[in-house]
Amino acid sequence: MKLQFSAEDELFRAEFSAWLADNLTGEFEVIRYRGGPGDEHMYPSERHQWEKKMAAGGWTCIGWPKAYGGKDASIEQQVIFHEEYARVGGPGRMGHIGEGLTGPTIIAYGSEEQKQKYLPGILDGTELWCQGYSEPSAGSDLAAVKTKAVLDEGLNKWRISGQKVWTSLAHESDWCFVVARTDPQSQRHKGLGFFLVKMDQPGVEVRPIEQLTGTSEFNEVFFDEAVAEDILGKPGEGWTIAMALLGFERGVSTLGQQMLFQNELDTIVHVAKDNGASQDPALRQRIAEAHTGLRLMRYNAMRMLSDPTSGDLDKSALVYKLHWASWHRNLGKLAMDVLGPESEICASGPYELTRLQSMYLFTRSDTIYGGTNQVQRNIIAERGLGMPREAKG
Amino acid sequence: MDFALTEEQEMIRESAENFLADVSTSAAVREAMQTEQGYDQQVWRRICEEMVWPAIHIPEIYGGMGLGYVELAVLLEKMGKYLLCSPYFSTVCLGVNALLIAGTKQQKGDYLPKIAEGQLTATLAYTGINGRWDAHGVQATYQKTDAGYLLNGQFRFVPDGHTAELLIVAAREEGSQGEQGVALFALSAEVQGVTRQWLPTMDQTRKQAEINFAAVSVDDSALMINADSGWSKLSSIIQLAQVAIAAEQMGGAQQTLDMAVDYTQEREQFGRKIASYQAIKHKAADMMLKAEVARSAVYFAACVGQEVLAEQGDAELIDDLPQAASMAKAYCSDAFFFNAGNGIQFFGGVGFTWEYDCHLYFKRAKSTETFLGNASYHRELIAKQLLDTDGGLS
Amino acid sequence: MKLQFSAEDELFRAEFSAWLADNLTGEFEVIRYRGGPGDEHMYPSERHQWEKKMAAGGWTCIGWPKAYGGKDASIEQQVIFHEEYARVGGPGRMGHIGEGLTGPTIIAYGSEEQKQKYLPGILDGTELWCQGYSEPSAGSDLAAVKTKAVLDEGLNKWRISGQKVWTSLAHESDWCFVVARTDPQSQRHKGLGFFLVKMDQPGVEVRPIEQLTGTSEFNEVFFDEAVAEDILGKPGEGWTIAMALLGFERGVSTLGQQMLFQNELDTIVHVAKDNGASQDPALRQRIAEAHTGLRLMRYNAMRMLSDPTSGDLDKSALVYKLHWASWHRNLGKLAMDVLGPESEICASGPYELTRLQSMYLFTRSDTIYGGTNQVQRNIIAERGLGMPREAKG
Amino acid sequence: MDFALTEEQEMIRESAENFLADVSTSAAVREAMQTEQGYDQQVWRRICEEMVWPAIHIPEIYGGMGLGYVELAVLLEKMGKYLLCSPYFSTVCLGVNALLIAGTKQQKGDYLPKIAEGQLTATLAYTGINGRWDAHGVQATYQKTDAGYLLNGQFRFVPDGHTAELLIVAAREEGSQGEQGVALFALSAEVQGVTRQWLPTMDQTRKQAEINFAAVSVDDSALMINADSGWSKLSSIIQLAQVAIAAEQMGGAQQTLDMAVDYTQEREQFGRKIASYQAIKHKAADMMLKAEVARSAVYFAACVGQEVLAEQGDAELIDDLPQAASMAKAYCSDAFFFNAGNGIQFFGGVGFTWEYDCHLYFKRAKSTETFLGNASYHRELIAKQLLDTDGGLS
């Protein structure tokens, strides 16, 4: 066991941190600390510019293989990257679906031609991706896919019809990956395909979903015989690919997420010291508990990343989502209670929420999206503890 | 001993249910909450004229119905269930109670009949910018003048403070501290020197305002009964308001449970109704426990409130008001928040959309939890009574 | 709604309270506050004497009809009875199974002859009863009865074979009621009978179960062709009778139980004031919460008893067990935390626990016996909220 | 950065597992715990001679193995898993640490080799009858004399205090208060004026004693390094002990989870294995979360402990000891109690019998939770560090 980073890694940290200090300034000052969860709809054009800036500096897709334009950065370096980025309030990455999900999936399952076609746009920050996973009636049950894909013999392309939901940044995206049913007779995770769909076409319609914050970060996306530019893998391999993609989602970015949480907690501590809430014994206990929870989340992530089987569902990884989601939900409540009666007062009328209010309300979704706490507990019990699976209806 | 609603109380409950189901629909709530005023004038007129609810616990000699606090709690439970947007809480649970407890004969005669007739709205302002709910929260000051009193200072978090016509305000003698030197005044919101500003709030169904007093001059008749007992009277008024809020919260806790359970019977996941999952069932059972215990807490506290306001109330029960109010407010705050929060979880993705009503209850749960002190604030008050008496160690 | 008791009821209170003051003294001083849950094995002979004293004073079975020797006391008076009894630290009633369960069951389901035979011994405190419900493999699943009853044609009596568990006071009891399977082919709640069995016979063996306290309040009872003196109702009616009996168990005695809880809480408050724990903010919160929980438990019980349908599973009654069991378990932990490091130190060696230690340890069984918290939540969800029943295996 | 056990550490873990599974069976624990001494002399000999565990983190120059705190944590985790009854915790996690942190060269040379060889048991006594774990807990006093020091006072809750051969005790200069004037002394338990008495405890697997000092006279060589830093040294010793307790608790939390889950796979209710009930599964999932996070907390704190004891430790990590220790002790105390309590619930009726082992863990969870401060105590310590710096409001 060794908690310190190597000298080489610390050099990497210094380099990136210096780049950020030089570049996340001026026109980009306004997007610092913006665009994170609950705030993803903010400043899209500035943030898209920032993606290109990152790319120009060589700071996109650092974990990708060098062959595809990445830096082949080690786990440690990726951790450092996310930490430093979050530490200075780097804006929510509009490119994260492409960089973290689509790219790795294409690298793993795409043809050489597909790699040439899609990876450069992700690398240089020009082409943005969104995801088409969840469906209105499916919820946490990802296999309950109703969206259909039918092969258009004339075009020799698949046409997609159906509805996806909880798609963030759909308005801003150039591409969407879509899981759809290629075999109409199939059930659940059989007979699915994994499609790459251009958003700018007549068969695709995006409707924002207004959330409890009064803002719209998520969207519904309607496909009506939309043409899929490509299929990744073969028809029937959709589930395997989708599951692999979810695997890419976990891991190194969690330490960046924690840094965002740290920023929020720091704000709360600041408020508490300022308004005297720091002298309330019950709030002191809760602040200390939040602080402890976050630090232990960090150590848990470090264990997860140090595990040679990382990426697989080892135990520290299994509990990770449940841990952070529950922790963050409590943090939201804590923020309000530290603010006291002022917690009710909006930034301005008619309904402009403060950052902490937005955070508080938005945390109620943390225990729902990406698998509800209930689904997470099922997974832990079944995969982690070998307990019987829930009966399907 | 009989701790069940009487037949008459059940009838009041049913008529409230019917009326509110009609006028306080989701669409109506959403329309009213987006206005600065915060309520529909026409609905308010019907509440005053058709239902005569503002009169409910005003004594008959002041033109009221002369019923008790339990009947009021019955109405509030239903208002909480339907998230009614109206100046009822501020006018009746703050204004009327303040007049009943601390009003001079003259003030009662002047204001109560008007409220009973639906001709006057009212509110209570006591907390300043420090946002404290105890005596230290009283930050505005008064000075005795030849003509009467000169009032200065700022009030914040005042329910319906921007629309209420009658203001009952707490101020302290300049230089006084804590529970000493607090007096109550009743005055029109139109008096010179009073400025009021709506504060937009996260819970849009319950409006708050900031009120500034800049050298507001009132004559002697504005002073309410205080002598040396200003804070003691104000405490009772606040405690009765806590009981009222708790009653609304209990209605909300029950409603969020009912909505959530209904949804579990229709929503499917992994091929099963989610109501069939034991994790959902057990959470629903915990929610029901909280709603039931909240009900017991509210109705007990309402019985106590009844004695406090009665001509010759039971002395033992009257002494119980601070504790009964704190227990009800602490328990119901947590119960409503628990149920409303879990309600969102039961609904899943749609639970945090604007379209579904979950968030309206969730926000109301939070705003009422905070208002007049949350559970931890009230538990500390209870602990003081239990532990700091008979020369406890320091 | 009216919270006060009538003048007549207050008179009743004064009468019983005076009787207790006059009689729970002298030789009985030692059993005050003793023999409650977790302490039921203590002072059996003194407590049996006390039963007879109660009977002589006319204070047993006051809720029974006058025709069978009771006072036909109203709900209010029974509440007052239990409250006053607990208030002065009346010892755990050794006659409570007979008075509260067997008696009412015999009155409801017994023949006139059975009533004449069994009720007087209960009334005068001479004959003690214990219960034979649970079986080792059954747990909360009362219908999983394996104990058999076979009709002995020669004797024209049933013979009982099998094992019951969690039977308190089995050593001290004269009689046991036993639910046993009369129809060997039957399943679950069909084919059961309700038997009255004399304990002093060769076919009955009692083995104490040592609990986590190191003491033995519960027993296993082994039946080996033991003769049942009587069957209540008919073979096959056992489940109905057993369920009715469980109904008698709920209700008025809960307010007496609460008074015991109040005694415990008072002790804890006393300790806290004494050792300075009362100035610990976190403990202050918990003490206030415990106090609140107990008072609300009282109001809930009052609602339950005021309900015209009382006895049925109305909503306030449904949640009652879950509420008190969870509350009491928390109280046990609170007692230890208020004591601080002293909580570890026994009254004396080798393993004589203090009352609060016993209480603390014993509360862990509160959420298990009489239906675990899990079973209670099932019942609440299914009967109270109309949610689907758990699938049987 | 590499936050996983090394191959060598894994080997230590495995050999501890094998050894303890053999010598610390349920029957062995039950036999040992019923003695006043509290452990089996023969097992202790094997631990010392065969496993050489007391030597594990003693530097090689003192005859130790020179390994680190992480290796020690690995052993403690397994000892917690098997509820090992032994003077290991008191001798190594109190005694050795105290010598390493505050011992003079002479004291280290005198005592550490003996402990490493298994020739000496030791403990630390600092808390008096007030039962406080902070500096105010030090109630015994010392006076400087010509010959050395005169010690007076009472210690309570001393682990293995009735059997330990070497006592390390904290006393304060007469008249001093709080963190001032605290000094540490190392002396044989046989010194005149020392009387010791076993205190029977609810958790029988971990013995405690009361120690009285009546005019105990020691010479100058008994004084440990203190000068003005007595409390600061003692704090570090206590914090290292908290990490050690947390490691045991984490082992217990994992074990109670494993036992409970195993039982759910065999026990049936209503015709189904109870493992198939979602309420059981979800509780087990929560237990696993706690065990996993506890593991992270312990191993991080152990890495910090390693730096504290190292010749040239990382300064930043060393500064983190108070917080890392408090976090580990707070989290693991709650986790172990949660898992042990739920373990009883999973077992149902048999869970609260003497026969099954659930209660042994449940009692150990409570005794270790209390010892050296429970979660709320430690959270307040953390809050002080977070909130009362940079001139926070008073």
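In order of appearance the chains are A, B, C and D, and numbering begins at 1 in each one.
By our rule, a residue touches a chain if its C-beta (ideal position, glycine included) is under 8 Å from a C-beta of that chain, and two chains touch if they have at least 3 such contacts.
Here the structure is a predicted model, which is why all the values come from computation and not from measurement.
Enquirer: In terms of C-beta pairs in contact, which of C-D and B-D ranks higher?
Expert: Counting C-beta pairs in contact for C-D and B-D gives the edge to C-D.
Enquirer: Farthest chain from chain A, going by mean C-alpha coordinates, please.
Expert: Comparing chain centres, C lies farthest from chain A.
Enquirer: Roughly how far is chain A from chain C, centre to centre by C-alpha average, rounded to an integer in Å?
Expert: 55
Enquirer: So what's the Cα centroid distance for chain A and chain B, whole Å?
Expert: Here chain A and chain B have centroids separated by 41 Å.
Enquirer: Would you mind pulling out the distance in Å between where the CA atoms of chain B average out and where those of chain D do?
Expert: Each chain's C-alpha centroid was found; their separation is 51 Å.
Enquirer: Which chain D residues sit where two or more other chains touch them?
Expert: 273, 276-280, 282, 376, 380, in rising order.
Enquirer: Residues of chain C that touch two or more other chains: which are they?
Expert: Within chain C, residues 281-282, 285, 374, 377, 390-391 contact more than one other chain.
Enquirer: Taking the complex as given, what residues does chain C use to touch chain A?
Expert: Contacts found on chain C: 281-282, 285, 391.
Enquirer: Inside the complex, what are the residues of chain A that reach chain D?
Expert: 1-6, 9, 76, 79, 269, 272-274, 276, 278-279, 281, 284-285, 287-289, 291-292, 295-297, 299-300, 302-303, 305-308, 315-316, 318-319, 322-323, 374, 376-378, 380-382, 384-388, 390
Enquirer: Quick check: in the complex, which residue numbers of chain A touch chain B?
Expert: 134, 137, 139-141, 144, 165-166, 209-212, 214, 280, 282-283, 336-337, 340-346, 348-353, 357, 361-362, 364-365, 367-369, 372-374, 377, 390-393
Enquirer: Please output the residues of chain B touching chain C within their complex, sorted ascending.
Expert: Per the touch definition, chain B meets chain C at residues 1-6, 9, 70, 257, 261, 264-265, 273, 275-276, 278, 280-282, 284-286, 288-289, 292-293, 295-297, 299-300, 302-303, 314, 317, 327, 330-331, 376, 378-380, 382-383, 386-388, 390, 392-394.
Enquirer: Using the touch rule from the top, collect the residues of chain D that touch chain B in their complex.
Expert: Listed in rising order, the residues are 277-279, 282.
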